[in-house]
Amino acid sequence: MRILLINPNTTESVTALVAGHARAIAGDAATFVPVTGRFGANYISTRASAAIAAHAALDALAEHVAGCDAVYLACFGDPGLAALREISPVPVVGMAEASCLEACNRGRRFAIVTGGALWGPMLSEFVAWLGLAERLAAVRTIAPTGDRIARDPEAALAELAAACTACAVEDGADVVILGGAALAGLAARIQPSVPIPVLCSVEAGTRAAIAAAADSNRRVASPPTLDSVGLGPDLTSLLGQAKSK
Amino acid sequence: MRILLINPNTTESVTALVAGHARAIAGDAATFVPVTGRFGANYISTRASAAIAAHAALDALAEHVAGCDAVYLACFGDPGLAALREISPVPVVGMAEASCLEACNRGRRFAIVTGGALWGPMLSEFVAWLGLAERLAAVRTIAPTGDRIARDPEAALAELAAACTACAVEDGADVVILGGAALAGLAARIQPSVPIPVLCSVEAGTRAAIAAAADSNRRVASPPTLDSVGLGPDLTSLLGQAKSK
Amino acid sequence: MRILLINPNTTESVTALVAGHARAIAGDAATFVPVTGRFGANYISTRASAAIAAHAALDALAEHVAGCDAVYLACFGDPGLAALREISPVPVVGMAEASCLEACNRGRRFAIVTGGALWGPMLSEFVAWLGLAERLAAVRTIAPTGDRIARDPEAALAELAAACTACAVEDGADVVILGGAALAGLAARIQPSVPIPVLCSVEAGTRAAIAAAADSNRRVASPPTLDSVGLGPDLTSLLGQAKSK
Amino acid sequence: MRILLINPNTTESVTALVAGHARAIAGDAATFVPVTGRFGANYISTRASAAIAAHAALDALAEHVAGCDAVYLACFGDPGLAALREISPVPVVGMAEASCLEACNRGRRFAIVTGGALWGPMLSEFVAWLGLAERLAAVRTIAPTGDRIARDPEAALAELAAACTACAVEDGADVVILGGAALAGLAARIQPSVPIPVLCSVEAGTRAAIAAAADSNRRVASPPTLDSVGLGPDLTSLLGQAKSK
Amino acid sequence: MRILLINPNTTESVTALVAGHARAIAGDAATFVPVTGRFGANYISTRASAAIAAHAALDALAEHVAGCDAVYLACFGDPGLAALREISPVPVVGMAEASCLEACNRGRRFAIVTGGALWGPMLSEFVAWLGLAERLAAVRTIAPTGDRIARDPEAALAELAAACTACAVEDGADVVILGGAALAGLAARIQPSVPIPVLCSVEAGTRAAIAAAADSNRRVASPPTLDSVGLGPDLTSLLGQAKSK
Amino acid sequence: MRILLINPNTTESVTALVAGHARAIAGDAATFVPVTGRFGANYISTRASAAIAAHAALDALAEHVAGCDAVYLACFGDPGLAALREISPVPVVGMAEASCLEACNRGRRFAIVTGGALWGPMLSEFVAWLGLAERLAAVRTIAPTGDRIARDPEAALAELAAACTACAVEDGADVVILGGAALAGLAARIQPSVPIPVLCSVEAGTRAAIAAAADSNRRVASPPTLDSVGLGPDLTSLLGQAKSK
């Protein structure tokens, strides 16, 4: 099975980080095709950069999806998730959605911890859009954004663990998601000092993407074709034809 | 990994049916220990029989959980799910909860089709309790209960497919769960005549149980000990001591 | 009028306590037939013991309901309430449901105070199931469970009064329910030090049971008959036949 | 016990009708002091007339509440209920609120049937204000308003019964309230042709008023005093002083 | 265009204050016809006085609406708004509703600050009735009622500014409404010390009233005619005939 | 006052159509600077094209906002609205948000009619995100998308009027929005055959944009600066600096 791993952040080192974790989990079960966004912010931490990332993810999908069995949108916040599903010939898994659903399987109320204060309201709105607001105990953010955490994880571990613990003690969460492509692998490191299970969003998304790639029931709905201007050639072409089935 | 598979229906043939499907999915990944409820209705189709089944499931868990890595409560409706989790030393997966969460991974709105009219309001209340009411498109039931369907599946296939199709066409569901221990394997048979993916609840629960058994983050909360009278010896003992960790 | 008073706790002294209060309220208006659960926890304070109590209450109803005009399920939390209603030939009143509805008649927002920390989420979920979540200001628990309070009420009065007062002052409740079979009669004792009305759940349930017994409009819906194994003879029989009307 | 029965409709015959039913239910348990609104619509069937009725009810309460143990606001829709409670020295029971709460005691989902199409949205909003929207199955109205039904009940019985039956069969109600002062006593007449219990709102309100009058826990909150112009002398006086306690 | 400006407070100086602000905003765009309630509280600060004000507003509308193009109900809390709309031949704008909608245009979550503690729950219920509860961050009140603030604004400015700032800092509001006829013009004075936009409710209502008067699409629904007793002659007449169109 | 009018559809004729209507409404009150998206679908009718349009709108804002007093995002559906607000130095008005808020001012429940079936769920989710779901009666779509309607309005008028009427008669709407940049001006044409007011979304947005441009209270929050690759030079620059205030 081949899985297209789209990192709509435009930082190659984050793509490599996520791909490494995904391959460690998948073993022989799947092959990953990692792609970095052609344009957009180095690291998504605002509404504007997330909006641009949705376009970049569509662009990447159009160029690279051929021959893949599933798409893994590897940015916590899932920019453009519903749009990708609309045009994709294969299942699309979002890192944040998959993490939230796995969290629901692990406890009655889940929380999210991530880097970058602006993600707070963005993720609350995302969970509401998912229809999971009743299961959400809290979203807590720490000041440094994910790319800064990735450059110096040691400096952030204590603060991340404190935020996760606050989700348990003050917000009543049963499980907490450590969200963000750039935070891959940190969940295991802070788990010993957090009283509830800590999920790694990169790993949760990987598990869901593998399951989706193995899923033989494909959707068949297809959007109408669209003429467009100024887009990448593959995206222009994909919008201009009925979705493959 | 060993998984305790509790069928709180008191019909051995249903236990065997579910265990067969679980083993086919797990392959070498897990060993199943199937147990049938010691007391209660032959097939659960009412609130009274579901209430009794919660006790029977607790009783079965207390007697057989030693040495297992997870518990699979294999009755769609998950009688006693929260109570089992309270006293269990290992993770507990409910067939209906696991199916609903997998369905959320597969589509925006899911529906449930099962046998036995009384399950309609019971399952709607269950999904509300899960906090997933916004994701639920509909619960549709056909008149024969699961045990009758299991005895003559051919007679029910057309009616089940029609109900699943109605969930898509009339209720707007993106995915439908065919719920019920006794309906194991029928999803694949009706899929060709249903326009949306049909999930088999037995298989969805099995996948979640295998994942839970592999889960190394165990919960540590422990309820207070309780004195009791008139219960089975293992349940008496389990209630009377702190939960293993 | 005869009212079957089921205490699904297995402690006889609690049954006697509740029956005494019920008789004091009813005077000549009704005769009570008190029954103690045949099996289960001495005092229900966990999800597991509540699940078992639902079975015990069904068992007690089946054995003793003949000749009664109503059933009073005298455990705050109402284990098995909907299941009892399903099989009962006469109206069934739950202590917690009746208390919540009487509280709605007495103020815009009500609160609940009881003993045993695990009852907190259990009662919040119960009120949500009732559809009364908008009216609930808070559930507050004190550490000792009801049976301990019953053995030494003096020791708990100050803590109960403080919790009730906090419901008024901090949570904005207009009325508070002192919930629990074992707390019968304590509401009147703490009322002088609480700034809002304190309802005794045992008394509220008694009033509702008397009203229900006088109710000449009986429900007629009847569940399907069920075969079963390993249950008490009366419950086996009641499940195996259409409900009396 | 003395209960002030306020009919804020300005039709004396409706006051007499309600008082007659209330006395039949109360027997020796309470004495009723019936009062008709001094001003306003002959029969309330619009938002404007309900708004005026709130003032008329305040006016009547101010003039007649002295010496009473409770107030029964005997108009289905409860115009001014919260305002009356604000200034009243004794408990105030509203006919619609009391009916809805009694209905919750009698079934999981209740419906309302009344006369006059404009009452539909008004009563839906009222139930939402009560916080009981989840329990409401439907509000159904028939074209003739209550006063017309009171003048020729025979002509309306079939239509009322059909509406109540539709609440059960189409809306899934477990119990239905026949609402309206002018419909006193009709519930019993249509019950034989309706498959679920039919509550008479006048009787439900009476039962709640008797219970409230017997209630020894009085509220103590008192609104600030207000200067006013152009109101009746008793209302002017009542607004201008601290509420009696 | 002529706009009927109804102040249902019975204090002429408040009417003059509001009319002055309205005229300053409208310039030549509209002419205002200010009317003070004939009866009721000098300044509305309780549920009882608000209920009476609804009647007074209906009375004023009936007497003065002829020849006007819109009605501006100039009391924050909008007593009788839906009732006025029912009988009015021209559009009716409520000060609080118009302020809340303008606030939604200015920020994602709005707050309300006003004078008089009893307005807190009244305004929360009003916003819920509007269907805007999700957009409301908080209602905060200061102790002095509007009429007291109008008599000595200097004394209240600091407290009002502090409450508005708390709405931003503690409640997360993006914009705050300074509500109350008697607070006309104070928003501009406290704006410099508040970190989010402060809307003047009198001005927001004026803008909406001007827009409504210019609105050529008139509603045509008409309530049934009603006989009544004891009301003012114009209101009697208006209730007794079909609404003008 | 200068208002930047962004049409993120890439069809110049639609930009001209909207600008013409905006100028007719504004008269001398404002000058419009119309801009068409540099890239994206000719006409937005899917989730993918809407996601790309958000980027195009950000790009257009960055290039042209200097010297403007407000931004009017003139595409019904408001692609990127929150992102534009994040980076814009002046207020941003969305056509759909402004239309929904004006509709709330005009009736209790509003509906939306537009062209293109895929807009149905997209607009329902948008209204939920606005927090106005309780006010929404229905979203109804007709098959032709806006650009097709713009090319031959006569062919669509009857179908649009029928959909608007259905919103009133079947869905209970008090007012209906005719949504879509390409439908500018059609509301007035179908109004005579629709029983409730029909709002033109282009005109409602224009009114709100003029009001916003006149608004002297500017927001001051500023997002963090972001490095990016592959974006237009002005957008790169705007993301890379603190927002102007």
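Some notes on this structure:
Letters A, B, C, D, E and F mark the chains as written, and numbering starts fresh at 1 in each.
We take it that contacts are C-beta pairs under 8 Å (C-beta built on N, C-alpha and C of every residue); 3 or more make two chains touch, one makes a residue touch a chain.
Here the structure is a predicted model, which means the values were calculated and not measured.
Steps from subunit A to subunit E, minimised over paths through touching chains, total 2. Rounded to a multiple of 5, the Cα-based rotation taking subunit B onto subunit D is 120 degrees. Both subunit E and subunit F derive from one sequence, and where they touch, over half of the residue numbers involved are common to the two copies. Here the spacing of subunit B and subunit E, counted between their Cα centres, is 55 Å.
Computed centre separation for the pair subunit A/subunit B is 29 angstrom, with centres defined by C-alpha atoms.
Averaging Cα coordinates per chain places subunit B and subunit F 47 Å apart.
Under the contact definition stated at the top, not a single residue of subunit C touches 2 or more other chains. If you draw each protein chain as a dot and join the dots that touch, you get one closed loop, with every dot joined to exactly two others. Beginning with subunit A and continuing to subunit F, the ring of touching chains reads A, F, E, D, C, B.
Put simply, subunit E touches subunit F in their complex at residues 93, 97-98, 101, 104-106, 108, 130-135, 174, 191, 195, 197-198, 207-208, 211-212, 215, 217, 219-220.
Chain contact summary for the complex, subunit B toward subunit C: residues 10, 38-43, 45-52, 54-55, 58, 80, 82-84, 86-87, 118, 125, 128-129, 145, 223-224, 226-231, 239.
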